[in-house]
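Please find one structure pasted underneath; my questions will follow.
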Amino acid sequence: MLEFKSVGKSFGGINIFENLNFQLKKGEWVGLTGGNGTGKSTLINIATGFQLPDEGKVNLGNVSLLGLKPWQIARLGVKRNFQSVRLSESLILRDQFFVPDKKIFDNLEMIQASGIKGFLNRFPSECPLPILRKMEVLRALLHSPSILFLDEPSAGFSQEELHEFSQFLITYVPSSISLVIVEHRTELMQLVCTKSWGLFLNEPLRIM
Amino acid sequence: MEFLQTCIDGLLFGSAYSLLALSFSLLFGVMKRINLAFGSTLLLSAVFSLWIDSLFSIGIFGIFFLMIASSALINIYVEKLCFYPHSGKYGATVSMISSFAIWMQLDEMSSFLLPDRTASFPSFLPDSFFLKDLFIRIDQLFLFLIAVFMTSIFFYVLYKTNYGLLLRGVSFDGELAKKLGVNSGKISSFAFAFSGIFGAIAAFLILSTESQVTPFFGFWCTLKGLVAMMLGGIGSLPGAIIGGLFLGLVESNVINYLGAEYRDICTYLILLFILVVKPGGIMGSALLRDERAASERI
Amino acid sequence: MSILKVDNLCKNFGGVQAVNGLNFEINEGEIFGLIGPNGSGKSTTINVICGLYQPSEGSIFLNGKKINGFKPNQCVDMGISRTFQNIRLFGDLTVWQNLWVAWKDDRKNQGSWFSNWFGKSESREKLISELLSFSGLETRANDLASNLSFGEQRRLELARAVASKPKLIFLDEPAAGMNKEEVKELRDRIFRLRDLGITIFLVEHVMDLVMNVSNRITVLNFGKAISEGDPESVQNDKAVQEAYFGQ
Amino acid sequence: MSLYLITVLTNICLFSFIALSAYLILIVGEVSFGQQAFFGIGAYSLAIFFVYFDFSIISSIFFGMLICFCLALFLSLLTIKLSGLYFAMATLAFAEVFRLSMNLVRFPIEKEGRATGLNGPEGFENIRWIFENNIDPLGFFYITLITLTILVISLFILERSFIMKNARIVGKDIILAQSLGIRPRPYRVFFIGTAGAISGLGGALFALANTYIEPAMFGMMLGVHSLAYTIIGGLGLPIGPLLGVFIDIGLLESIRFLSEYRMIIFGGLVAIILIFYPEGIISPRIASRIKRLFFNKGL
């Protein structure tokens, strides 16, 4: 489905990666790990159109994603969350799904079961971190993605929270969605993903 | 020959615009903020100095130094009230509006000190001479020379002194400078005071060539400084100089060939044109919407 | 003698407990390692000590003086400096000027008004040229920092942290993205700093480095210290293995 | 009500229009220094259609708004790549070009024995609709009040629609908006266009109320004031800008006994209000609190 072909990217003379190749198949759940500065976030940014690669091709099915604007890529079904939780401080959670009310009511069961319900009337600053992360995933899910990138979704979680979160992903993310989890710690990937990749500086993508 | 004459007039007066634009650029470069009250601080300092002069007759040099001192102080007042409290993403708009409110306040104070709506400003060297066929006013030539001198001082302070270096550091990445232990509050006060001093010298030169001060002077300074800065390119100091000279050239030529009433229209049309075609101005490079979104850390 | 003492340090962000009752003490001249999985509160700890955040609870003592609620510049004046996880340099200043910005005058209050502003200070020139040779950047002194390579930028950052003449340096993941050779160089540099009498607080992911250089290590998880001691005992601690690799 | 009070209230209503137009632009994350131009264009178009072409008052207003809408669309397309200060300066340049060219256009005519028509800096005199129809100041106040109420109510309805919600994300976090598949540009263009039309409507009513307009009325001061109203009032709900106008004009009038020091006090007051309420008095956060209290939607 999503394909990177010999993609290279550098910032101000520093090579983030070169000749990066991989394929993501439909319904595949992949964990992506690697140290600081190895370009994990850059990879997401390229896939979702926020950054342009210096060379190479990025294809979604038969469509080339190069040159498409982020919103166009998002409409093709490639969705993401953000490392720093992007929720508006001045809106209560209920107003932050950004989908028609009908869709919220249709998915009420999911929202209820994920433990967010009690927090729907609160501002993000009044909610614990796991709720905010779940909220972001839910928001992406309500926008019906086909590929979902999660950028460090479990950073700062305790052991129980992590398990709860993995359970949440397994239960509510439809298996038709391809999921890419980018993480420092491999724990969540081990719980959730079917395979994992490692990204290392100046080395091609390694499948582990 | 007529064209040459207008160009020389334009360049001579444009140097004043350059000084104003430099003061603006300094603040925008460092603080990423627009100080709408800038012109009225200059007006107030001029009017205040004239008022003191009328009480104690401190003479032209007294006026000059008093203007510099009071302008620096008023600028620090503006900084503490409008810019220091506002940070963050929306800080730019809020502090701009806040400085607008202070603009009103300072203008009102000025008209309080200037009940007759206009006052004569002492002029120096009101002579003129002919260079072959070219008519040159000595005070305008003096204005130009001082502008060149001031600009070199400006660059010296910014590139060769400790504070200037810290200022450039803060302007590149204020957050980082703070983390490295640079007292950014002090630096921003310094930037404001510095731009106030700089602007006061420019205002003094302009007012004494015009030999009068009116309540519109503050607004005029703000607008001309902003426009010259935008023409040259935000954040580029050579751009501010070129923008000012260019503005002077355009204005004098338009006045000469089209008539005075077309002066400002042409200025704004050119500004609009440059913003649309080359938003970074003549020298600078602008971060446009999409690029800005891309460069923001995601 | 302890240079830094942290007593029951807590920091929460709107309900999220990032650091939760942390205690430790660092002796003068030692290399102290702080490790822990991502999101365990390492960076927050540094940021609180360096004055970027106010601690929610607890107190921090530097040389026996309480420095809670100090501003970053005051902390630097007290002799604390740091490097950053993501390289942050003043890109449009030269290497030399980058060091200059961070430099602090010893005689801060004695220098005349004029010399503060315009003066060339001999001690500054001397220190900066020493730092350039320390980081191996002599030949690049007049290049813009943004033109340096990755490794050079890292070295410049370290040198810049030393330029403020600190007694205590925080290194926030200094080895991130480095290859083995570079890590070795970095290790030598850290030892040289220690020999100069600077206390080093090292926060790292790369275990090799931490285990090799540190005198003592504290392991952080969920904002709490789960283990502390010398490298060997920490390595063998069961709680640590659990935190890193799961059960 | 005394005539004085009526005049003040009418002014509050009239300036609310331009404040609301600044509000719409601020919602999509831009700052405009040029809303006064559309206020002026609305006023001048009304005067031209009404005086020169004898259009009915409704169609004059309508065509005025249409012209403002089209020009604003044109301006926003022209400046599609600009943001922040660049956009603000472009709108300022546009507004000043309009104002200064109005100083140059002279086309005086005489109508029913009275001098009227475009007359450069001397302005456009004798737009006598309120006299011809015997509308007293109170009546005109009701007309503006009703128009304003309709406008505010429709903005409240818009507030609950996805358009406004998406526009707010575009203004607040353009990266998030894009990652959700929202195309930012149409919102920006549409909102700037609509803001132009609203400002034009206010300008048209202003021309009717004053019966006399001149270019100097539409200077930069008006535009920056409209921004100030919105920032003080807050971006949370459409009544925020109205509150801003009320505070400004209302306060200005109520401390008139200090007439000499009026702006000195008021300017400082605004700066101090902004220190304590940087997001305005009715900030988005407070608006959310209000909504949370009143509409619970069963969630």
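Labels for the chains are A, B, C and D, by order of writing; each one numbers its residues from 1.
The criterion applied here is as follows: a contact is a pair of C-beta atoms (placed from the backbone, for glycine too) under 8 Å apart; a residue touches a chain by one contact, two chains touch by 3 or more.
Being a predicted model, the structure only gives us computed values, none of them experimental.
*Asks:* Which chains make contact with chain C and with chain D at once?
*Replies:* Expected: A, B.
*Asks:* Which chain's mean C-alpha position is the greatest distance from chain C's?
*Replies:* D
*Asks:* Grab the C-alpha centre of each chain and report whichever is closest to the global C-alpha centre.
*Replies:* Of all chains shown, the one whose C-alpha centre lies nearest the global C-alpha mean is B.
*Asks:* Report, in whole Å, the distance between the mean C-alpha point of chain B and the mean C-alpha point of chain C.
*Replies:* Centres of chain B and chain C (C-alpha means) sit 42 Å apart.
*Asks:* So the centre of each chain is just the mean of its C-alpha atoms; given that, what is the distance between chain A and chain C in Å?
*Replies:* 32
*Asks:* Mind checking the centre-to-centre distance between chain A and chain D? Centres are C-alpha means, answer in whole Å.
*Replies:* Measuring from centre to centre gives 42 Å for this pair.
*Asks:* Cα centroid separation between chain A and chain B, in whole Å?
*Replies:* Each chain reduced to its C-alpha mean, chain A and chain B end up 48 Å apart.
*Asks:* What parts of chain C, by residue number, touch at least two of the other chains?
*Replies:* Each of 91 in chain C touches at least two other chains.
*Asks:* Got the chain D residues that touch at least 2 other chains?
*Replies:* In chain D, 175, 178, 279 touch at least two other chains.
*Asks:* Spell out, as numbers or ranges, the residues of chain A touching 2 or more other chains.
*Replies:* 50, 82
*Asks:* Going by the contact rule set out above, which residues of chain C touch chain A in the complex?
*Replies:* Chain C residues touching chain A: 14-16, 18, 37-40, 85-86, 91, 146-150, 153, 173, 176-177, 179, 205-206, 222, 244, 246.
*Asks:* Give the list of chain D residues in touch with chain A in this complex.
*Replies:* 162, 165-166, 169, 172-173, 175-184, 236, 279, 283-285, 287-288, 291-292, 296-297, 299
*Asks:* Which residues of chain D touch chain B in their complex?
*Replies:* Counting only chain D, the residues touching chain B are 26, 31, 78-79, 81-86, 89-90, 92-94, 96-97, 100-101, 103-104, 174-175, 178, 220, 224, 227-228, 231-232, 260-264, 266-272, 274-275, 278-279.
*Asks:* In the complex of these two chains, what residues of chain B are touching chain C?
*Replies:* These residues of chain B touch chain C: 160-163, 165-166, 168-169, 172-173, 176-184.
*Asks:* Could you list, by residue number, the parts of chain A that touch chain D in their complex?
*Replies:* Those in contact with chain D are residues 48-50, 69-72, 74-75, 79-80, 82, 86, 88-92, 94-95, 98, 100-101, 104, 108, 117, 120-121, 123, 139, 143.
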